[in-house]
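Here it is: the structure, laid out below.
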Amino acid sequence: MSDKVSLSLTINGAQHALTVAPERTLLDVLREELRMTGTRRGCDAGDCGACTVLVDGLPMLSCLSLPARLGGRDIRTIEGVESGGELHPVQRALVQHGAVQCGFCMSGIVLAAKALLARNPSPTLDEVRHALGSNVCRCSGYARVVEAIASVGGRP
Amino acid sequence: MRYAEPETVEEGLALLSTHDDARCLAGGASLVSRMNAGQVAPAMLVSLHRIDELATTTESAEGLWLGAMSIHRAVATEARLRGAMEVVRSAASQLAHPAIRNMATLGGSLCLADPKTELPAALVAASARVEVAGPAGRRSLPVEQLLVGAFQTSLGKGELLTRVFLPRGLGGAVGHHLRFSRVSADYPTVSVSLVLAMDGETCSHARVVLGSCGPVPLHVDAADAVLVGSRLEARDVAEAGRLLVQASAPLDDVRGSAEYRRMLIPRLLGRALSQARELAHV
Amino acid sequence: MSHDAKPKPVPVPVGEVVGQSVPKPDAREKVTGRALYTDDLVLPGMLHGALLGSPHPHARILAYDTSRAKALPGVRAVLTAEDLPPVDIGPVIKDQPLLARGKVRYAGEPVAAVAAVDLPTARRALELIDIRYEVLPAALDVDAALRPDAPVIHAPRGEGHPNVATHIRLVEGEPDKVWARCDAIIEDVYETPAQQHVYLEPCTTLAAVDPDTGRITIHTSTQTAFRVQAITAEALAVPMSRIRVQVPRVGGAFGGKVESTNQPITVALAKAAGAPVRLTFSRTDDMRMMRSRHGARIYMRTGATRDGRILARQVRIHYDTGAYADDGPFVAAIGSYFSRGPYRIPHVDVECWSVYTNKLRAGAFRGFGNPQVHFASEIQVDRLAEALGMDPIELRLRNALETGEKWLGGAPVESGTLRACLEKAREVSDWHRRRERPSTTSPGKRRGLGIAAVGHVSALLGSSATVRLNEDGTVNVSTGAVDTGQGSDTALAQVAAGALGLSLEQINFSRPDTDTSPYDWCTGGTRTTFTVGHVITEACEQVREQLFEHASAILERPVKQLELRPGGVVGVRGEPGLSTTFGAISGYALYVAGGPIIASSRWLFPAWQLDTRRTKVEGLPSMGNGFFVFAAQVAEVEVDEVTGKVDVLEAWCVHDVGRALNPAAAAGQVQGGFVQGLGYALTEELVWKDGHLVNPSMSGYKVPGALDVPVAIHPVLLERAFGPGPFGAKGVAEVGVVGAAPAIINAIRHATGARLNQIPATGERVLRALLAHEAPATKDG
């Protein structure tokens, strides 16, 4: 018989009390229990980055994270990136640069970029490429995505 | 599946000893992936994240103790990892991809003992020792003695890895890690970890360890011996490479055939040595 | 060169919307995570589906025992072929059961399906299904499959080897007689891999059956609502009128979602369980169960005269179509049809086989048979240039098809812009300077520049559109077209806006729904902007006529004096003050005279019938060819002599898009296509061992990441507006992938002298080629 673990998660600043089987991943919980479906499931193995969330500001893979261990940590998902109905500058830049195609990678890319810009407000194109090292995009070829993110910090 | 979060090493050991199929959960990057794929379903998960001791870094005159739960990102940004210890910092800063480096841990990497990964090789190059806690107390052993086979460690039942000791190494020595992979976010096809010291143009110390070239990190004393005392000229590198190739049993997979890996060994060794030499002369 | 028919002048859009890089309306919901993909949808009582894959590449199914699985608490349905209608599906050859029936033909082939209350339960149930197999000898590659005594994969359908799904022959001129007149002849064998789509969203379907009416509703990730409807109806023997297909956001497709994926089996589960079922593949199941690009082996021989006229070409293509034909016959047709390349070669002999093997089926993938033959052709043309001592671009220019010349088979090239693309590529890449003096580089690394010319096809098959005027003068546009992320919804809305002089805010572009949308065949074949755009402009033209008819009455001016003005206004030419709005006209039509303003348009792209007096044709399946489009791609690479690893440093992609409706979106297609081609060139390859895929994961199978590609992929859009596409637009979507691999391989050759005839050009293959090149005693010297 599986244990159920009771826990409280802080997601986008709000507390969520949950009782889950310990093997359920954060991705399972976000998508299935909390119906926060903006976090995408692309591989369930940490290879695609579509499920990226920020934990205490760092990009992590929700498909490899067990929520039982995340009590008290600050979890930020794509649903918590806008503020006051305003797009985050990186979201706005991706839209304006025509960088968005199928969009399935976008939640993860927005979060990875947000984390980068928080510690490096004016990244170079190369720094952006490195920050996207966990995020596969199969549509864009990355060029417009990287340029859009770099533009937020004032780089070309 | 049962789940527990011990707060001390002793609690952890008690949990491990009471369940036959208990698994330690460190960063989760490999274990959760394998659970998702249905490849493993441990009866008990013992999460180590609440044990403060395992996340502690301490410095001594001889070197640095890194807690087993140190994430790769923390290792990669640990400014005290200089000189010979740099080899570990360098490997931790390059492996896999950023989100994995934010999750996966030093202890997790070691205990997985995956021959595809590069951090164990870097730790062997750094002459690291590990501390293991078990029912009979704590013991310390060279990392080579922990890694006994592909996905096999010498950890006994009910034991867990607590921390890793990196000796400072020789003054003036430099550590360097070179990886070659198909794409950036991939396991290396071959990795070269080395610690090198130069006396003018002559190599005074060398310790070369290869990843993905056998079930465990490949270290050949005779290859180091060829380099030490030499001026690291092409024939010295070739001879050391030859000895390494001879002792290797490379992986043979989609990242490269065994034969290709044997071709890469002397080639990457040469590049890694010349890069390290540049660092040594800075 | 003469034209068969005088083309209509290309219409000019009204207002400023066409040609603007307007942000895509769906981009916002995608960057906020609010976009809904199929796996995000939940229905009350919804169950979760999963499929069991075959453990053998070829085996007879002796017996099933599903009793243990059915007994597992939470399991609501367990299906095998015994529970399904005995129907085989397939776009050309009806050879695929929904679940393996009688035998399995590839490892991973779905043999059983489960619906359960949650996914873990469904997966546990799969483990409890017992199937007894008798393992059969397997044919694991084309050579093995073509042996006289090869295991027979499907019941023979006629004469010839039973494992040959398609055999095509195209002959023009007298190739056998002209080889002696060639001053240089190059002959080689080229090999290309089974590349996989790796759309980031695995295939997924949510199906529900109304318990009262029996009506089936399908939400699914697909490139075509209407083909899903038709295929599901066929597979389950249900009338199409009982099936409704709706398409939420699609997380990439690239050809992999052109045919059915898991829609029919999900419907079967929903029917059996009496509850809605969502079946979303795991990445590994998607990779083992769906499809790939055709791996190919191509023998090619090309001969030219000293002055650079290519006289003759012989081609022998073997496509590995895997266990089921799927789109393989059409892929073989396109491959054959494009194997002459975009060149005027008077004497050609092409023979092509698509061959069954006991591996994952190969099907449609961006480029559709063309990347394989372009790979062979463009490398061979470079080698020919070397043999003739000519610049590679110069040789291509001398042989480039021009407007009015004929494609292989006799179809006319209506807008022959390859020359313009090549000349532009030469200019923007600074070709001569970089070729003569490759930029400096670090020790152990060498740089080089390579080019490929590209000819591809756009349009084909049927589309329709409905355009209707709302009471306030805004417009609803309905088509069946699926936007798989490439941006067709945006470009097509811009087309409607440009046709009627509206702003994008005044256009409602509705999503595909087989209950309400007019028919569209598929988002594939680089056709959506072209073909659907065409029917939208035609329908808008009818709406304009209706608007003018009423405006004439309202403004008391003859129709011929009226004009469209931006913003939804009909005015009188030469009288700036005299106008009426679409809203006023709509009110007039609704309440005074004429009735609602609405128009529909339909079109089947007129397929060219091959000219059999000119070309000897055998076995070519009709694929409704389309409108020829051209491009030139240049890549600069750096080759690591230590490891053989190749990095692409910069690329210039010159595409004639006719008219760039949305330049940013078109550029995104060009760049994204190039990077898929870069993956094809350097890393992507499904690998089998003993009939089992060894890398069905995104760890084992590597697509390029942001660090593996340059940011400097320069899209250069030529706008030679021409033809029936909207405002002269031509298709671009697939084109970007076609020339990338040969451009990169030609650049490796230029950098190092190493010859590669096989992709992906992994470090291992490149290093071996380098060593072979440096050892002149070897046969490659």
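All chains are identified by letter, namely A, B and C, in their written order; residue positions are counted from 1 within each chain.
Just so it is clear, a contact is a pair of C-beta atoms (placed from the backbone, for glycine too) under 8 Å apart; a residue touches a chain by one contact, two chains touch by 3 or more.
From a predicted model like this one, the values you see are computed outputs, not experimental measurements.
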| item | value |
| --- | --- |
| Pairwise touch network: line, ring, star, complete, or other | complete |
| Interface with more contacting C-beta pairs, comparing A-B to A-C | A-C |
| Distance between the centres, which are taken as Cα means, of chain C and chain B, whole angstrom | 44 |
| Gap in Å, rounded to a whole number, between the CA centres of chain C and chain A | 30 |
| Multi-chain contact sites of chain C, meaning residues that touch two or more partners | 282, 699, 705, 707 |
| Contacts with two or more other chains, residues of chain B listed in rising order | 37, 97, 184-185 |
| In chain A, residues with contacts to at least two other chains | 44-45, 47, 130, 133 |
| Interface residues, chain A side, partner chain B - complex | 2-3, 5, 21-23, 25, 44-47, 49, 52, 55, 58-61, 63-66, 68-69, 112, 130-131, 133-134 |
| Chain B-touching residues of chain C, taken from the complex the two chains share | 123, 282, 284, 444, 642-643, 645, 683, 687, 694-695, 699-702, 704-705, 707-708, 762-764, 767 |
| Chain A to chain C touching residues, read off their complex | 31, 35-45, 47-48, 50, 77-79, 81-82, 87, 91, 94-107, 110, 125, 128-130, 132-133, 135-147 |
| In the complex, chain B residues that touch chain C | 37-38, 97, 180, 182-187, 189, 253-254, 256-257, 260, 263-264, 267-268, 270-271 |
| Touching residues on chain C, where the partner in the complex is chain A | 21, 23-24, 26-37, 39-40, 42, 197-202, 249-254, 280, 282-283, 484-487, 662, 664-665, 667-668, 671-676, 697-699, 703, 705-707, 709-713 |
